[in-house]
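Next come two complexes built around chain A: one with chain B, the other with chain C.
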Partner chain A sequence: MQFLPISHVPVGSQDLLAEDVRLLRRIHAAWYALAEARGYEEVIPPTFEYEEVFTRGGGPELASRLVRFVDQDGRLVALRADFTSSIARVAASRLASAPVPLRLCYAGKVFRQEAAGEGRRREMFQLGAEMIGDASAEGDVEVIRLLLDTMHAVGIADFQVNLGNVEFVRPLLERLSFEEAEALRGAIDRKDRAALAAAVAAGEIEPGAGRSLVELPTLIGRGEMLIRAAELAIGESASSAIERLRRIDRLLTPAERAHIVYDLGEIRGLGYYTGIQFEVFAAGAGRAIGVGGRYDHLLALYGADRPAVGFALETDALAELLTQAAQR
Partner chain B sequence: MAPMRIALPKGRMMDQALELWDRIGSGIAPEQANTRRLILPSRDGRFEFLPVKPSDVPTYVEAGVADAGVVGLDVLLERRADVLQPLDLGFGACRMAVAAPEGQPYPDLPGAVTPRVATKYVESARRFFAERGAQVEIIRIAGSVELAPLLGLSHWIVDLVETGRTLKENGLVVVDTVFASSARLIVNRARHKLRLDDHQRLLAELEAALAAPALTTSSARS
Partner chain C sequence: MQFLPISHVPVGSQDLLAEDVRLLRRIHAAWYALAEARGYEEVIPPTFEYEEVFTRGGGPELASRLVRFVDQDGRLVALRADFTSSIARVAASRLASAPVPLRLCYAGKVFRQEAAGEGRRREMFQLGAEMIGDASAEGDVEVIRLLLDTMHAVGIADFQVNLGNVEFVRPLLERLSFEEAEALRGAIDRKDRAALAAAVAAGEIEPGAGRSLVELPTLIGRGEMLIRAAELAIGESASSAIERLRRIDRLLTPAERAHIVYDLGEIRGLGYYTGIQFEVFAAGAGRAIGVGGRYDHLLALYGADRPAVGFALETDALAELLTQAAQR
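Let's turn to the complex of A and B:
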């Protein structure tokens, strides 16, 4: 056992002091003003929940990053790792008979284990919104629009939303064994054409589907790309995935479209996404500062089958970008 | 538009990468080649090359201070950086292998001995043996790994093998292959979206240059 001075804090945790807090408050003020104006009501889920709340929908990746402890009665409890899972539980239980669509928003901390030495926080602020009970493309657009307007409202102009639809590749992956599907998922996520071509050549994938897989890393661009993608769609689910994105594209304004990159290799979100899925990238941040998408089957895992769509932004990352901009 | 920043691993792989960029018309001017400048501009101004330590390439690219980088798969798998990995550039080919002194049993040692494995590539070695369900003790060594089995520090080693000469000189033989390695183009996830057209153009150009028959490259010589 090593003795450390009391001034140390555990790796990945930190104090926020006056100036940090002022900036955080400014972001929160802009966020709540916008969200409330759009009819989103704030909810504050508990800081810790039974771990199943996060493991049921979030998939193995989230499950491996929970900060857990044993509760008084011996059950495993986890610190909130994801607002969407908690809100899905609330919406499927206490709010099960509330009229839909339900518009909910939040801002607060999430806790996730990170490998030591990567310089990542284990405790971070997020803000976000969920719209529950609306399965339409108009619903997708409402949430995307709220995200875009939030970025502008907090004062970040140079950003791109990388928008995909997991239904384009899901049918291809579903026919494979777990290991093969995971290997292919990794190759799609890294845009590794050589690995995709090798997987196709290894033979588990039918020729038509193979061609779409190898082309997948090139299916990225503005709205025109979707026309080419439609030709490579295999099966009804993939075709309607493209149709959905084209419909979203038509519903967006030209100014909004300038912030959207369509990317059919965008599949890296949490396990519960079912339709559109996106990540937010901003100039000055090396990795995604926000994620979101549609999760039509998540609420069913908590007892009420409702379609839903939402997003979360990393508030700390927004604050850092604003600080960078102020220093220039 | 600001030039795209490309992190390159100092050493032979950097020369091979610069030759590749030369083939797409964006190499560096000859007088730049032997300077000690920290940032080398390409002749056409489209790129800035950052010569860094090979194991730092993924760090620069993951953080987004470089748009893209060139690095061996061996380094990449050891670092597990969260980056796009769109192209196998072909050069820098070698393999990560398990080697043992001639006559040393593999993969099982007689008796109840837990095999000790010396390596610089702790992460790759750990994953390789774990995937096979083999229990080994991994010993981190910073250099001259071949020495470890000779002195009895380890039974086997995991190391990068290019020609196999160093192994042979030390009485070691390859007993297993961990993976085949070569240079990869890696790309920052955020920069790829924020400058999508520039990135897609670079990918297409490099892909075309790699598909075209090479004239004289150092990879053909080695």
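Let's turn to the complex of A and C:
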């Protein structure tokens, strides 16, 4: 028999061997030990689920990147694209009558479609946690603390968490069309003060909100900055958003605060989050290596109307940082 | 918005929670500690691969049960159906020039299509090991020993390994048509002496082999049985097959021998294996919970012509046995 050589895996997939496996196992061991000590129970959801589980909570961006196929019963299924959706489903079904708060954690692969040739992975390892059924600032702090301690536990000390609260910005965008809001979100994300000033000059946004919007790119810093932000809050929910961040700041220890930068332009997850939102940056990684926040309305989409807060870290990015550090 | 309730996972899939997860993690920890101590390196292959990887070595039965879909590049891919195929591919590609013997191990999910309603899992956890590049009886014993010690390490003491050598039977079937051989294999598997005697009487098999075939169902027992089997061996390869088993028996310790039952009718994997073959049975499990043997021609299909021996255990079955034991 003649065979073509077999030596390839599909684009974006990879074999993990030797050192890479050992590093992954070390990260997982540190993560599970810490999460277990804090009362977080691991959940291992199926590798593929009915695609609806992921499209329901994940939004159009995630939906467009699902790795889908038709199951034997003719229904559309998708490889796990994120753990939060699967855990929301579990919380709304098997754990619907379990006492709250539920503390759940996970580590494993997620799968996302990439355009061929982009060179990005389609199989990625993630680890993370969700606390379900606690709406308090103490709940926010518990999850932030777990995140900070995870970074230390895996051996990464030089990192920063950009922490915002989407409720500060949301009122500023409320009366805009979808397109206007998207353009403004882009400008906020880029911290593009000129574009924000132009939008204000064009009369696009609510009278009185102009100064808040133009100042938004400067509302970044340690706890003191929150005092100035409070003066710029438009309406009650924006004021509460700042009050919440100030309360979190008080609950954190000085060592924890050293990793936190408050950033009120941190609104990546505006459509999804309902309170605090954060991204994790580390020296040596060119982009955020983790994300999280509060999503009090997400679980209702799955039939369990409960507040929730959580985070996810990109395990591969953690491994890469540790490999870089070992090579220095 | 109105949603249908989400509370289901696809048929044959499941969520693992709490105790089930802890048990799985305990089994994995014991397995990795043991395998690592014996020099076996973990490999984590992609979750889906080009389907050819699985059809090439897996045979028609496995091919018919692949969970397939079309990848973004238009090629057919399949969820990992067994680890041995993926590891054969790795051994023939990235590890093609690594020094032998290669000692590789794994633990994770495999995916197999089941007819709906059969109630069997489509996601199963397996763990196992492959030793590549060593054709010796010592290699056989190393892998058998790793299997025995794995059972003890996870906490299962009451088990038995039925160990045969497909080269004892292969000469008896050589001149038969495919259908005749299949019928005879079925009779051997059922230990159906009457059917075997009928086949001999019908003149189907090689003159002189009749007695061996009729006696086959009785060729089961401890090491002493191998002496009688040697007398019934037809041809050189059958004699070598018995000699190999006798050598293995001498290399095993008395405590190890206590778990071994030689069974020359153990030919489940006749198409795949080329030497020893075994199945693992445990008190409380109604079927084999593990399988293994030597497959010296398999890796050539992937472009790396090397002898190999290995085993796979069904992790879910191990977990079930441990749960039963805890409940007694």
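Here is the rule we go by: the second predicted complex is superposed on the first by the 316 of 328 C-alpha atoms of A that agree within 3 Å, B and C clash if a C-alpha of one lies under 4 Å from a C-alpha of the other, contacts with A are read in each partner's own complex, and residues count from 1 in each chain.
Convention: a residue touches a chain if its C-beta (ideal position, glycine included) is under 8 Å from a C-beta of that chain, and two chains touch if they have at least 3 such contacts.
Treat the numbers as computed from the prediction; the structure is a model and nothing was measured.
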Return first, second, both or neither, reflecting whether A:Ile227 touches chain B, chain C, both chains, or no partner chain. neither
According to the contact criterion defined above, which of chain B and chain C contacts more residues of chain A? C
Output check: A:Ala258 vs chain B and chain C. Expected answer is one of first, second, both, neither. What do you get? neither
First, second, both or neither for A:Ala288, with chain B first and chain C second: first
After the superposition on A, what does A:Ala33 contact: first (chain B), second (chain C), both or neither? neither
Touched partner set for A:Phe69, first chain B, second chain C, both or neither: second
Give one of first, second, both or neither to describe whether A:Ala201 is in contact with chain B, with chain C, with both, or with none. neither
Could you pull out which residues of chain A sit against chain B in one structure and against chain C in the other? none
Sort out for me which residues of chain B touch chain A in the complex. 62-65, 82-88, 187-191, 193-194, 196, 200
Under the stated contact criterion, what part of chain A meets chain B in this complex? 158-160, 162, 190-194, 217-218, 220-221, 261, 263, 279, 281-283, 285-288
Within the complex, which stretch of chain C touches chain A? 3, 5-11, 13-18, 21-22, 24-25, 32, 41-50, 52-53, 56, 67-73, 75, 77, 79, 86, 89-90, 92-95, 109, 111, 113-116, 123, 301-303
